[in-house]
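As written, the chains take the letters A, B, C and D, and residue 1 is the first residue of each chain.
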Amino acid sequence: MKKLLPLLVIFVIISIIAIIFVSMAKDTQPITVVKNNIQMKALPIKVNFTNDSYCKMLITTKRNSLQVVAPDGKTWFFDDPGCMILWLEDKSFKEDAKIWVYTIDTDKWIDAKTAWYGVKDKTAMQYGFGAREHKIEDTIDFSEMQLRMLRGENLANPKIRKKLLGT
Amino acid sequence: MNANAFWHFLTLQLFKERSKHLSVIVISAMILFLLSSVLFISSSIRFSLEETLKVQPDFVVSRVQGGISVPTPMIWEDELIDIYGVSNVIQRVYGRYFFKAKERSFLIVGVDFLEEQSHENLQKLIAKTDIKAFLNGSKMLVGEGVKTYLDAHFYKDDYNFLTPEGTFEKVNIFKTLPFQSNLIANDMMVMPIDLARKILGYSEEEVSDITFNVPNPDEWDMMTDKVSALHYDLQVVNKKDVQKSYENLYNYKGGLFLILFLVVLSTFTLILYQRYSMVYSSERRNIGLLRALGWSINDVLKFKFTETLVIVFASYILGVFFAYVYVFVLGAPLLKEVFLGGQNLQNTLTFVPVLDFSVLTSIFLIYALPFIAAVLIPVWRVSVTEPKEAML
Amino acid sequence: MNEVLLSNQIIVFLLSESTLFILLLVAFVVSLKVLVKWDFESFMPFQFALERQAYLVSTIILFVFVMKFILVVYFIFSIDALSLLLPGAMCGAGVIKANVYGSYLLVLKLSILFLLTLWFYIHYYDMRTKNHQWFKHKSWLFSLIFVFIVLELGLDFSYFSNIDTHLPVSCCSALFGQLEGANPLPFGLSVSLLLVLFYLLYILVILSLKSGYTLLYILTNILFVYIAYYAVVYFFGTYVYQLPTHKCPFCMLQAEYAYVGYLLWASLFMGTYIGLSDAISTLWLGKTDPKSKNIVVWLLSLFVLLCTAYVAVYYLRNGVLL
Amino acid sequence: MIKPFVAFAVLLVILLFSMSLHYGLFPYSKATKTMQEMTALTHMTHLSLSVGYDESVYNSTYPEMTALGRMDFVYER
């Protein structure tokens, strides 16, 4: 027994290390943030493998998703313009960040600050602001959308929803 | 040292010096009594309310204008029934009726006795009630407080309500509600819903508010959202909000008391510090003798510390016991008015005893910890007495 | 005024923490003086005075030691009670995460308890030497504890005064199910591997304890606590709640589950505290206490057995696993 | 231990015992059930505060000022 004990200990240690290494090797975590995007370009987004940084949900569709690029090249992803506004509000790089949004009318990445937003669209978090490249009736610009989001005047408020949608 | 001998000596010493400890025990017990009574009352009321909240409807919907509830249209009831997942939609009619001359008021609650469920509930509440007799003619059930008050004002069997139209409505008192429900029903008058409407001045199409249940708690947030989108002037409140406001109410009462109590407590601590410094300095000679007899500093510390602990526990038990009797046996005369008020109807209720970990530990911490903290330094000071003090 | 600060338990808790702090402050000042001037070989009256003052310090710390244990239980209990006030909170987990200070505070409290246990061990050995051999060790340790406690008191106040009762917090299911699609376990483990690791580590803890590999034991036990936390939250907890989706370290502290959480976490942490304190004093002072080792084995085995029993009972009763 | 102290300790134990006896024998189910039935009948949990209701919600003299004896920040009002 006395002789067996060290062997046993070594055996257990080896199996523990083996388990940890095997698990670490096949570790696949969804993307939440990408670094070194110095050019501040819109990155290709991996649908169903990227988490929204505000609501923590998986981004299931490219349409209406966003990317926020900080001046140091860090990039965060969002599934709804509303989430992005709420997340960005207390960040220090709020003014300097480059924001990309994938439009629902032309299907491409454009600068979110130039996009036009519908007020009663179906979006991932039900805030209702769908991003468009071209202005159509009843759309608002970025700063108006930002203001409405921060004031809580969006479809998530039941009274506003009744006013806009009638239900 | 032998444990038996230690205790023998300790208790002997305690009783020999009892006059020194007695005053401390009495004052401590008094402070503890006050503190425990307040905490007992508030935790008892909280417990009772939580129990009753369990059977309360999950949601209340009412029309709100300018922050004040106004009569709610009955059509809203049908709209609610149509929502999937909503069950047990019930209209409520209630309001206060002022006995103007003497500035007292009652709460009138209308119950729809035509419903099967209400019959059962009534039957359960008041055994051997002849429901037919109750529904025949205008009759009401009154809380104990109401009954006592009406008796004293010459309304032995009935009461004449003055409706907003200016007509008199004579309602017979059928029975008194059981006294166990005094906490919630002391000022209540329960009557058929149509009668209540007439007395409170509601029209046929109006109710005070509408309640409903949502059996699945996971749907509550979604349901609040959905229901409040029905009308712009609709306010929906759920049971958790009610629970929270009760919690806040009693935290507020108890908390303010505790903050004021801190003043008493710090004075008490200072007095203890002073007193024990004095008492112990007169004991230096005794301790010096013990040290000369071979006690180590640790032994003396242990001795003095145990002595303090005995006093702490004795006064803790005494204080809590008297508070228990005062609150749960005698019904906390005077002090309960801090919690329930005393301007309206006299409420004679028995509090449901609640002794839980939280209350007892709170009492112990707020009392014993400052006590021991105050005594620690005097205890140490006397324990390190040099043996040579015995010669002086 | 913040509603949280009016809660009776919070008032009592903050008051107790402050009282203890004042006592410790006295002890700290005295202890510093003693530490600087300490010279056991000296026969000056001054040295005797210092030795007497050392008694004050140790008495205060012993008192604080006992009270801190009671207060941590009380803290967790109060946090649980606060969950009624915060929208969205179902148990202590939501309340702890109500602001940034909460989790740090809890970890700090647990570390302070460990340091206090270690101090107790050194004190125990020190009192049994004739020349107060380890007096400086324990005084330095106390200085460290004091720094931690200053930090703790600051965190206590900033935590409780910064809870916003109107801001909805996440309930435990949202906190511990975090990040959809992501694996919350460390090292990318799966639940079955986590369990294998859990039991292996347990065996290694016992083996290293029995065979006297002190350094190995310390490392293993720390890793064991880390893995055990995840194992309880993500596997054993679901059997306590009998619900596969309920993952929370706090809900099991509630009455619905017979307060089993207190027993569970207490056995794990007490076992670890005692074990690590003994191990460290073995390495540091060369003193060991065979009794503590047995206690550690008992406590940790109780923890593992209790966890396993929940799974076993569930399996025996229902014939399936969750 | 000396006899008077034992007597004192026994007294304390008796106090504790009588307290727990009262606590244990209290008819909880009767008390809570009555209240629950009352709530089931009226569909409301209304704490019977004995407040002068004239002044509870609005200060009758100065309507802009909240009343002093305000106790019912409960949803029903």
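One rule holds in what follows: a contact is a pair of C-beta atoms (placed from the backbone, for glycine too) under 8 Å apart; a residue touches a chain by one contact, two chains touch by 3 or more.
Note that the structure is predicted; figures quoted are calculated from it, not measured.
Colleague: How far is the middle of subunit B from the middle of subunit D, if each middle is the mean of its Cα atoms, in Å?
Modeller: The answer is 3 Å.
Colleague: Taking the mean of the C-alpha atoms as each chain's centre, how many Å separate subunit A from subunit D?
Modeller: 51
Colleague: For subunit B and subunit C, let me know how many angstrom lie between their CA-based centres, rounded off.
Modeller: Roughly 34 Å, centre to centre.
Colleague: Roughly how many whole angstrom separate the Cα centroids of subunit A and subunit B?
Modeller: 48
Colleague: Quick one: label the inter-chain contact graph as line, ring, star, complete or other.
Modeller: other
Colleague: Every pair of chains that touch: which are they?
Modeller: Touch list across chains, by label: A-B, A-C, B-C, B-D.
Colleague: Quick one: which bits of subunit B touch subunit D in the complex? Just the residue numbers, please.
Modeller: These residues of subunit B touch subunit D: 7-8, 11-12, 14-15, 45, 48-49, 51-57, 60, 69, 90, 92, 94, 96, 98, 103, 105, 107, 109, 111, 118, 121-122, 124-125, 143, 145, 177-178, 180-188, 190, 211, 237, 241-242, 245-246, 248-249, 314, 317-318, 320-321, 324, 328-329, 337, 340-347, 350, 352-353, 355.
Colleague: Taking the complex as given, what residues does subunit A use to touch subunit B?
Modeller: Subunit A reaches subunit B through residues 158-159, 161-163, 167.
Colleague: Under the stated contact criterion, what part of subunit B meets subunit C in this complex?
Modeller: Within the complex, subunit B touches subunit C at residues 39, 42, 240, 243-244, 247-248, 251-252, 254-256, 258-259, 262, 297-298, 301, 305, 357-358, 361-362, 365-366, 369-370, 372-373, 376-377, 379-380, 383-384.
Colleague: Could you list, by residue number, the parts of subunit C that touch subunit A in their complex?
Modeller: Residues in contact with subunit A: 178-183, 187-190, 193, 196-197, 200-201, 203-204, 207-208, 210-211, 213, 216.
Colleague: What part of subunit A is in contact with subunit C in the complex they form?
Modeller: Its residues touching subunit C are 5-6, 8-9, 12-13, 15-16, 19-20, 22-24, 26-30, 32, 48-49, 51, 56-58.
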